[in-house]
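What follows is one structure encoded as structure tokens, with my remarks underneath.
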Amino acid sequence: MVLIIIPFIAALLALVFKDKLAKIVALTASVAQLIVNFIFLSGFDVKNSAIQYTSSYEWFSALGLNFSTGIDGIAMVMLLLTNIACVLIILSAWDNKYPGMTKFLSFVLIMQGALNGVFLSTNGLMFYIFWELALIPIYFIVGIWGGENRIKITFKFFIYTFFGSLLMLLALIFVYLHTPGNHSFEWSEMVKADINGWESTLVLWAFFIAFAIKMPVFPFHTWQADTYTVAPAQGTMLLSGIMLKMGIFGMIRWMWPMAKNACGCNYNIFIILAVVGIIYAAIIAIQQNDIKRVIAWSSVSHVGLIAAGIMTWNKEGLQGGILQSFNHGINVIGLFFVAEIIERRIKTRDLTQMGGLAKYGRGFAFLFMIIMLGSVAVPFTNGFTGEFLLLNATFNYQIIIGIVSGLTIIFCAVYMLRVYQLAMYGPEKDNGGRIGKLSWSEYLTLGIIVVLVIAVGVFPNLILNISDTSVNNLISLMKGGAIQ
Amino acid sequence: MGNYIALAIFTPLLGFVVSGLLGRFMSKNITGIISSTSVLVSFVCSIILFNHLSNGGDSVKLDLYNWISAGNISIDFSFLADRLSVWMMLIITGVGFLIHIYSIGYMHHDEGFYKFFAYLNLFIFSMLTLVLGSNYVIMFFGWEGVGMCSYLLIGFWYTNKEYGYAARKAFIMNRIGDLGLLIGIFVLFNTFGTTDYQTIFSGAASANKGTVELICILLFVGAIGKSAQIPLFTWLPDAMAGPTPVSALIHAATMVTAGIYLVARSSVLFVSSELASTIVLVVGLVTAVVAATIAIKQNDIKKVLAYSTVSQLGYMFVALGVGAYSTALFHVTTHAFFKALLFLGSGSVIHAMSGEQDIRFMGGLRKKLKITHITFLLGTLAIAGVPPLAGFFSKDEILAKAYYGNGIVVFVLLALTSVITAIYMFRLYFLTFHGEFRGTEEQKNHLHESPATMTIPLVLLAVLSCIGGFLGLSSLFSHHHFVDEFLGKVLTNAHIPHPSEIFEIAVLIISVVLLAIIILATRRYYISNKNIPISIEDETGVERILSHKYYFDEIYNTVILKPIEWLSRFAHDFMDRKFIDGIVNISGKGVTVCGKYLRQLQSGNVEYYLLAMVVGVITFLVIYQLV
Amino acid sequence: MGVLIRRNGIVLLMCVELMLNAVNLLFTAFSTYFQDSAGQIFVFFIMVVAAAEVAVGLAILVMIYRNTKSVDISLLDKLKH
Amino acid sequence: MKTLILLFISGIFSLFGGIFGLKKILPLFATIALATALGYLFYDSYYGPENLRNMLIFDNYSTFLIAIAICSTILITIMSVKGFSYTDESFGDIIGLMFFVLCGVVCMVSFNNMVMLFLGIEILSIPLYVMVGSNRNNLKSNEASLKYFIMGAFATGFLLFGIALIYGATRTFDLDAIRSLSATALESNPAMISIGLLFVTIAFAFKIAAVPFHYWSPDVYQGSPTLVTAFMATVVKTAGLGAFMKFIIYLSPMLSSDWYLILAIMSAATMLFANMVAVMQDDFKRMMAYSSISHVGYVLMALLTVNKDTPSIVGFYLVVYSLATIGIFACLLIINPNHNKDNSLSIFNGLGKRSPFLALILTVCLLSLSGIPPFPGFFAKYSIFKQAISEHLWLVVIAICSSAISIYYYFRAITAMYFNKVEAEESTELTEKNYAGYLVITLSLIGLIVLAIFPGIIGL
């Protein structure tokens, strides 16, 4: 509850102040938010499978809409990611001089509030409301501060995702109407909904398309590369770092339990789609020349793996998916920030125009290297553990699928190293741009990311333990056991 | 004892952190000394552990913490020091230490000095993790780690574009192997429910035969990538782009033998799976022959050595394939000595030649580079298999095991390879150190012997190359085969009969005679007759094929790279833009088109409106009546 | 039908009136048939309303005539699509 | 009843006030009069439903609809302070006519007898014809007026035919009687009564502009003065939908499944058609016309399922819709007070820079109309979906598709405000300070926010 309110108040506050002060206000708010989050975490009982810190206020009882919030392990990981990421994102905007910076920051804060709302909601309708609410600020962020051709692209992005969410709404209402007794949108009631046969399949597909568009899973991904490219750096970070996780969270928390009676054969289709997406996006990423596009496609590929892993619905896959969501969030923010730093300095994102940047930016090269390696899933970095668990899950699900999705470790190396090499290595290009010294905010942002990359890589159980009991609970719930 | 493991592993890591973060602020010598000391500490720990084990102590296990736990997967971050890993540790830290010392001199003029040492330390750490990990996942952890360090070090001189490509190629080819290994680990996990060595090996006997075969093949795929075997060997010659100490440490002595270690480590599994062993044998054999023939036509001093390494690795795999695991390890050891020596020697030559690597522009260096010359000669003799230097014993043993373990064909091919090895090594030696100097005047004036930090390791390695062979004297000379006795307790060697004395003597005599002929012939051909290699374009027939390395790179280019690039463009430009996005856009456009046509209905004319209204009414009436 | 085919505003107005008269007739007929006065009262209402409507209609037509010098309604198609 | 009388008297007073040059105080007077009427309304309803000889019944729900209409009118009246300055001479008439329309509204939504329905519709329509044409020298206004008139008259014909047929079958105009007689009437004269019902339905469909009887609506909305457009889009629509709902609720036992099918088709066609065509519009008022047509489609969907929740769902929808629409038109009036200039979407270009407050309100209103949470439009739409989903899943799917389409055109306006660059000629500052306009938009914004936070406060 507090987590939702802080950003909104801060968003209003930030509007009052001028540029520099607004930045300070926004940063303070996000740090405060993170601290609150840590306080919650410290009081969080990882051994308790129930949803904790629950609270509920009536909002629109006629519609079954209650302001119900609560945190379980899965949500806790997502909240951590959101609030860490928001600090990073605001910090990363420190050196940007956008026109209307205050508005920009308050949009980011609104976004943070909405995202926290999504992860905190234990009421289906509230989940939907925050889900949509998160869409509006990002629409403005991309639309106002975006690059070339932004209008068309944001339009497409918005309508596409909105269409998906409407399907989700449909599914939510449908489940609501099947809840036992007095209909309710409370999660704990909705999971008891009695839906069978083809209806269940319909619900499943409606949820799936909604989440698949958000994540995005092949073939619902076509909005993504353009949007990521055109958005301002912080917008891209929000989109890829956190918003995408809404889809993953939704799949785990909402889709799966709601459509539990649907035929498992549907998941085969989903997994095949996800795996096709892994390879498809990876292959495309190999040939892209815009650094942001490469990262965007890599994101599709990585998310495909997460989706495939999750939808095996075994514990390793779920845990791996949650862990990797966290990791991917951190890494992709780092990568996009790297792209932004390069763009700030040499005014282009075209890889063919870069080269030899490592020479005058050693510290940068080093930080970039670690983030890149995290994305390639090299040991010592966070990506490794996540991919290990996910690949293990897909492999156990089906050998061929496991092998095909395993190709990602090769392709990922191919395109990420290509980016690194083209940008950082080789002789210097004569375009007057050099990395030079990084500013303190740039150092701090990348530094935090690098520390996280390594820390989670060495101690993945830090994250895994948080969600462990909740995942167990979810699995036992799916096996027909009552909520413990 | 566990503390020594921790000390051995984490001192290099500490060295990495210190030299990486603070190296910029410290003088080069201090950085070098810190890094080298950290490896020395590891070496000392290794000796202590070795002592412990060779005195009959038990394997030491060190549990750090639970690394990953999710569902059924629970992986401990723990280390196991048994005889095999300690043996590898000794090689890694020993040779590693010498190469660190050498690098202080070699890299002295480089601005990335501290970075270089940081990477080297990181490599030592990863390599130790690889050999000390107590389960396959930790091993894989180190496995990937050394691949990453290798990438970093090959691309060390990043301003050169080619070097960058070489680094990438190495990493990606390794990754292909890694995928096999990873899947192998998954199968292991599926079969045994754990990846812990001890549990797996004790349960191996009861496991399904077919599954074990599959596991072995998958593990070997990993080994192919890391140890540069056909078809994934092309990265190793390219990896010579890295600084020479790196080539010596990573691409000759240690990392590339990780594949051997992996197979040897899994000897329990391999020994019972015939198919996998056969594959290992065949791949090793083919690689040994192919790489050796390519080496004959190479003109880059380091590339000759690189192909030689590939070839020697093939040798080791043959040994593994016939089930002589400790023999393979023996060759790993001797190879580490003489190949590190040769690389460091070539580094010294390159150092003297101001970066020139082409042997066509060398010659007559023996006068200026006395220590280098002598040590290099010893290395050459060792690799060629001149008794009683190190290479003779290990190669001899492999030949014998192959003969008794498999048959005459393998033996003949290996012997042939051995001959070719001698030919290209002496070609290299003579062209470099004998004859007249063929470089520029400037280079000639600049020729000088390397500093002591470089020559001392050379001398030490030369000594090791000379005496290394006595670790495993063949039955002809002694009944005390040290390597076999030490490692036999952890490796499950296949039962191969001891070679007869006649065989031993025959091999000894034939090899000595053959070597003498080869030395004389090559000297005559290259020095007396001044047959200096010519450029590739002028060559014909077989020579041309050899110079082009059997066109491996070209084939990969057309068969794999080009199609993927094409596919990438196709997927992006057509599939994505036109097809998938097309569908999305059409559904969007459909709306606008509908809108466009539907709005024509709104003609603006009242009469028409009225008519439309009436039509509406009639339609509804019809629906009303019909339905 | 007149409403549908005529283009002259005045005639159109008349046709609308005719329609209303037809309804009036219907009401009266029903009213008589049912012996119920309500129908006939309704007719009065309709007549009043029709008168008001015609008044407004004519006013509008006059207004248009002032601007276009014509009562042809088919000319009025500026607002469309 | 007192409300009706008060409205009527105020109307006459305004007419005279216009003539005697009291224009300056007319808006104030009208506001006070309307507020008083509102007060009477609640005062009366406090004593329970009022029944006027079975002709008009003021129950909770008609009270509520009247209240919506009056509140909307108050807002529009405040707007008129500036909004009508260009048609000064007829200002009093317009205010007066507005009162008369309200009288019609009162009759329509509280009718309990077909006669009152007919009279209500006519009282509502005839002043509207005049109001639409109030901009005498503007040909567009004339054209709109004529079109509205002709088609309205034609629709009246249908209404009367329908009433006549129902009368013929049941011998009565009284709704209660019709309902109680329906069983016997359906047996003896099935065709007559069903066709009668259909004709009445068509007349309603015309009034609320449901496809395919919507043709007049875009032209009229575009042609008439902005203020009148706002009035029509809110008050008239509320009245039409309210009356239609009452009609359906009362006569639901008589309505066959075929009839519901037709309603469903109409609803689907309305949503799809209006949204699709709206996408292609460049004129903002015309776009809003199509938008309001599409909203009718959603409400029709709610009317398909009649139960105890229907009135409150529709009521809530209408409140939100009216507030948002008034907000939008008020903004339009502030931005483009000069009606002669065309209202293409480009007038919004760069509004986010020129006047952030206006842009904000416009955005909130548009988002509310498009049904994006957490704006109240979402709750309204959502309750309709929820109502319909169990019986008419296909219709809800269509509604969802058309909602997605509707995003397209609502966001075109938002895009224009925030993302489009301002061209030189359009960059003129909003010189004239229209405080009344700002008051209106602020009120509607507050209304929308309150509805978003406490959507439960409206319950019948």
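The chains carry the letters A, B, C and D, assigned in the order they are written, with residues numbered from 1 in each.
The rule is short, and it goes like this: a contact is a pair of C-beta atoms (placed from the backbone, for glycine too) under 8 Å apart; a residue touches a chain by one contact, two chains touch by 3 or more.
Since this is a predicted model, take the numbers as computed values, not measurements.
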Inset, instruction - Could you tell me which chain lies farthest from subunit C when each chain's centre is the average position of its Cα atoms? - result: B
Inset, instruction - Name the chain pair with more contacting C-beta pairs, choosing from B-C and A-D. - result: A-D
Inset, instruction - Return the distance between the CA-based centres of subunit B and subunit C, expressed in whole Å. - result: 97
Legend entry - Centre-of-Cα separation between subunit D and subunit A, whole angstrom: 43
Inset, instruction - Measure off the straight-line distance from the CA centroid of subunit A to the CA centroid of subunit B, and report it in whole Å. - result: 37
Inset, instruction - Would you kindly tell me how far, in whole Å, the mean C-alpha position of subunit D lies from that of subunit B? - result: 78
Inset, instruction - Quick one: which residues in subunit C touch 2 or more of the other chains? - result: 3, 73, 76-81
Legend entry - Residue numbers of subunit A (touch at least two other chains): 159
Inset, instruction - For subunit D, write out the residues touching at least two other chains, lowest number first. - result: 146-147, 150, 154, 218-219, 280, 408
Legend entry - Which chain pairs touch, all of them: A-B, A-D, B-C, B-D, C-D
Legend entry - Residues of subunit B defined as touching subunit C within the complex: 599-600, 602-607, 610-611, 614
Inset, instruction - Show which residues of subunit C lie in contact with subunit B when the two form their complex. - result: 3-5, 7, 73-74, 76-81
Inset, instruction - Spell out the part of subunit D that touches subunit B in their complex, as residue ranges. - result: 146-147, 150-151, 154-155, 158, 194-195, 198-199, 202, 206, 212-213, 215-216, 218-219, 258-259, 261-262, 265, 273, 276-281, 405, 408
Legend entry - subunit A residues within the subunit D interface of the complex: 58-63, 65, 125, 128-130, 132-133, 135-136, 140, 143-144, 150-151, 154-155, 158-159, 162-163, 166-167, 169-170, 173-174, 176-177
Legend entry - Touching residues (chain side subunit D, partner subunit A) in the complex: 309, 312, 352, 367, 372-374, 378-379, 382-383, 385-386, 389-390, 396-397, 400-401, 403-404, 407-408, 411, 415, 418-420, 455-456, 459
